[in-house]
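Below you'll find the structure, written out as structure tokens, and then a few comments.
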Amino acid sequence: MNLPYLSGEIHTDWREKIIKGCEEQGLAIEFSSAVTNHEASDAAGDVLGKDDNNFWRDHKSAKINAIRIKTNLEQCDLAIIRFGDKYKQWNAAFDAGYCAALGTPYITLHDEEFIHPLKEVDASAMAWATSPEQVVDVLKYTITQK
Amino acid sequence: MNLPYLSGEIHTDWREKIIKGCEEQGLAIEFSSAVTNHEASDAAGDVLGKDDNNFWRDHKSAKINAIRIKTNLEQCDLAIIRFGDKYKQWNAAFDAGYCAALGTPYITLHDEEFIHPLKEVDASAMAWATSPEQVVDVLKYTITQK
Amino acid sequence: MNLPYLSGEIHTDWREKIIKGCEEQGLAIEFSSAVTNHEASDAAGDVLGKDDNNFWRDHKSAKINAIRIKTNLEQCDLAIIRFGDKYKQWNAAFDAGYCAALGTPYITLHDEEFIHPLKEVDASAMAWATSPEQVVDVLKYTITQK
Amino acid sequence: MNLPYLSGEIHTDWREKIIKGCEEQGLAIEFSSAVTNHEASDAAGDVLGKDDNNFWRDHKSAKINAIRIKTNLEQCDLAIIRFGDKYKQWNAAFDAGYCAALGTPYITLHDEEFIHPLKEVDASAMAWATSPEQVVDVLKYTITQK
Amino acid sequence: MNLPYLSGEIHTDWREKIIKGCEEQGLAIEFSSAVTNHEASDAAGDVLGKDDNNFWRDHKSAKINAIRIKTNLEQCDLAIIRFGDKYKQWNAAFDAGYCAALGTPYITLHDEEFIHPLKEVDASAMAWATSPEQVVDVLKYTITQK
Amino acid sequence: MNLPYLSGEIHTDWREKIIKGCEEQGLAIEFSSAVTNHEASDAAGDVLGKDDNNFWRDHKSAKINAIRIKTNLEQCDLAIIRFGDKYKQWNAAFDAGYCAALGTPYITLHDEEFIHPLKEVDASAMAWATSPEQVVDVLKYTITQK
Amino acid sequence: MNLPYLSGEIHTDWREKIIKGCEEQGLAIEFSSAVTNHEASDAAGDVLGKDDNNFWRDHKSAKINAIRIKTNLEQCDLAIIRFGDKYKQWNAAFDAGYCAALGTPYITLHDEEFIHPLKEVDASAMAWATSPEQVVDVLKYTITQK
Amino acid sequence: MNLPYLSGEIHTDWREKIIKGCEEQGLAIEFSSAVTNHEASDAAGDVLGKDDNNFWRDHKSAKINAIRIKTNLEQCDLAIIRFGDKYKQWNAAFDAGYCAALGTPYITLHDEEFIHPLKEVDASAMAWATSPEQVVDVLKYTITQK
């Protein structure tokens, strides 16, 4: 429970809140994450030569990003998977399915309004949290409770 | 390639088109699928006792449905994963991630407008199709071409 | 979902009720089970030579029985695990843990009074049923619902 | 043999005896364990919102606890599994089954009176001990004997 | 328990006794075995060109034989491993280790005199038999006992 | 040994010779193979839309072909991997590496001149044959020899 | 992404360029590689006794080399696989197939002229680079980009 | 190649020769081994209570020893397996089979007289050495050769 992967939404500061909250609790945790800089992420493959075709440009960048994501997912011992209220966020659900197949425990972080559309994702989760603070509490309990 | 799983959208007839198309080509294929009757699926857990709490009712039903989905996903040798233009469809992306982790090949089926939000899902796919007819063509080629 | 293993209690007729209920529904299911004849099971190892020492006699018989149990558990695609109100039934919980580690879905079957002592076992289960009829309903839904 | 997991009974001091005994022998061992504070363990999920329903409250807490248990079980290289004379202790047998499926060696620790009900659990164990002192002896032998 | 592999000694008729015994009991079992014709086995690689060097001739033949042995060992659900009183029979112990690592149950068949030198091999076995008749009894029990 | 995959060179009739040779020996073998029609194989992805860019056209077709190749490689119990005297044939070596990692036995089929460049590929092979007739002999021995 | 394996061509300085480039970027990476001294590699098995037969001499050396290659391939979290313009380089394609089967991400490094013969190898790769500098850029992005 | 397991013969000083030889070469290697003190090994289980029955005494001790052997075998990245000229040494062949099934590379160490009886064990080995010095040479090459 010391190597969590933080997956999903990149437009709010939930990652920072969890990381800072754990630091304040003195927890020895090494978080990993995909690239969260949107432009950098979209342009990840451009160094290998630009493509005019949108599909292949995205494809190339997504595969470069997948090197890190795949490695992180396979090495983490817990994933926190965040669904916000914007965009499709299919990559977050993809990561959840990846964890489920590997048997890696994950916690979802989302509002009540997404209970129904996330029921399959939550069905394989170890917990559903609605705030970064709850995630910090769960991590603290899991790591420090005697 | 004879045991494909059909995952995703349940509001258009893409499943029927693929199944009928394969029959017309004389392909010996045994398709599997999650329960696609929306009300039946949502009520799957009610037989075990009703819950007033929305989360737990969904949770119970989703787990009952997961018995079949998980078994189908682990036994299929190919998945066709369809993203339509309605709803969140996080379960389809979840199935894609599950296949990716298992190393099971999958083909996505979606319109051009979803190229960007599905780039991570497509990055692990063996192919991206835009119509059921294309999927039938790929299945026919894969099974019958000498 | 066509090869369920029936684990646990051997002193009531829950196995027969499930098997008969599925037959009445016309479900094509092949159930497997450990040896449920108590004396035969305890004496399974005697053919290899009797032991005066209780531990070793039990040990030898338990290992003979484990040949079948282990094979059944690894080949089944679903386990139904029954906890009754007598005896320790640690073997049933052992089978549940075995399934959990393999990723094989299982359903528990027990009364309300065991909710608390079975919370860890139920936490990894796909469903908790309180009667054989409910199990039949779940199997019927899982196998036949479109 | 340096990362044993201590599973089972939480109402006697067998964990402390083993840990202290190993320290006295100068063995470099890092033990892990589930949360053994009964009330804290039962309330593990309350931080995510209280449930009136007993089953779901237990379910939520058990899953939070399972994050640590599952991680510990998969990382340990040996489990010591203790069965005392109170309560159902199905979670201990569940952990034994989990280890058996993973191929992780485990040692049971229990009195003679449980030989028969634990025969399936003992059949997959590497050893049966009746006192914490014996466990310490086995650990010492395994780690230090030339 | 319907696909046993018969490993080890090729100079007595223990295989035939087990196969015939099972037929007499009406058991539906499909046995597999390595090539038991000694000369044919030693010459298995000669078709690929003869080698003057003893080591390489044996090496080439052993690898050809390993195609069948490896496939049989990985597909069997039980192995019967026989140690007689002649020759080194390291290949039989090798097969036992292979089964142990795969988690495939095996039964050893040997006389009392070999208890001590086979203690490591027996430690991972599900049973130790001293006659083909005992093996037939165990198979009959495992397959037919209710 | 009844489900061999035939990998590699598509410009000579080695596949036909092996298949015919096995038929003449009355062996019940079900061979599988990638698409061996060169133009069809190169155009496999065109049905999903043509690409002007050479890399992506090849990429798309290679992935469609990989659906069948990957499935065949994972289901086969033996691979015959042929290296001829033309072209780079990196796909044949790729298949060999894939088999090696899966632990699937394979036999190489190539002339003496390739002993040195194929030494790594041969090091993981079960046998090296120089003619289709030798492969048939090995298959016959492996399947029929008592 | 901190333990890359460098596979393939040993006649140009692409390894040195990547290693030096990463050092200049301050990346903490531990590269591994097969033995790249050609004569030493060919003679790896000679210490175990010389063979007159070319095939067996190569075989013995290739197996000694495979101890390191196999260990490196299974421990690396990324492979860079280089195809140059000389020799058959089947060992590089073999390594690529090995990675593909293990699910280990790899990047190919080759010129445009090899797009077509490497299409199957590239189809399973995460990226195709044409210069060591591009590989350094991808590593830098993957390891350091926020 | 830095965590080799030394398996087999305990009556000559081959282990010491290899360990000392590697030290003299300055190789950073951490060797592991089963208990090699014969009396201690045979008495490993006595601490859990003595058995009059020879089989069960050996069984209990062998299982205690298996805790360490199994852990070592699964953690090592190379095994050196020695066959001497005394005793049955079935445990050494068992360890070889265990490694073969896990895909762990191993080197055999034995005299020429055992070429024929060890042909199956050698067929899965990466090398056959006839002296501890040769093993040291192979380790040095594998670890230090550029």
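Here the chain labels run A, B, C, D, E, F, G and H in written order, and each chain numbers its own residues starting at 1.
To be clear about the criterion, a contact is a pair of C-beta atoms (placed from the backbone, for glycine too) under 8 Å apart; a residue touches a chain by one contact, two chains touch by 3 or more.
The structure displayed is predicted, hence computed values, not measured ones.
Enquirer: Identify, among G-H, C-H or A-F, the interface equivalent of B-C, where equivalent means over half of the contact pairs coincide by residue number.
Expert: G-H
Enquirer: Taking each chain's centre as the mean of its CA atoms, which one is most distant from chain A?
Expert: E
Enquirer: Superimpose the Cα atoms of chain B on the matching ones in chain C and note the rotation angle, 0 to 180, in steps of 5 degrees.
Expert: 90
Enquirer: As a quick test, compute the distance in whole Å between the mean CA positions of chain A and chain B.
Expert: 23
Enquirer: Taking the mean of the C-alpha atoms as each chain's centre, how many Å separate chain A from chain H?
Expert: From the centre of chain A to the centre of chain H is 44 Å.
Enquirer: Express in whole angstrom the distance between the two chain centres, defined as the mean CA positions of chain E and chain G.
Expert: Distance between chain centres, rounded to whole Å: 40 Å.
Enquirer: Do you know which chain G residues sit against two or more other chains?
Expert: Each of 63, 66, 103, 128 in chain G touches at least two other chains.
Enquirer: Could you please write down every pair of chains that are in touch?
Expert: Listed by label, chains in contact pair as A-B, A-D, A-F, A-G, B-C, B-D, B-F, C-D, C-E, C-H, D-H, E-F, E-G, E-H, F-G, G-H.
Enquirer: If we count contacts the way the header does, which residues on chain H are in touch with chain D in the complex?
Expert: 35-37, 40, 44-45, 47-49, 60, 63-64, 66-68, 70-71
Enquirer: Which residues of chain A touch chain F in their complex?
Expert: Per the stated touch rule, the residues are 51, 53, 56.
Enquirer: Note which residues of chain A are touching chain B in the complex, please.
Expert: 54-55, 58-59, 61-63, 65-66, 69, 83, 87-102, 114-124, 128
Enquirer: Considering the complex alone, what residue numbers of chain A touch chain D?
Expert: Answer in residue numbers: 1, 77-78, 103, 105, 107, 126-130, 134, 137-138, 141-142, 145-146.
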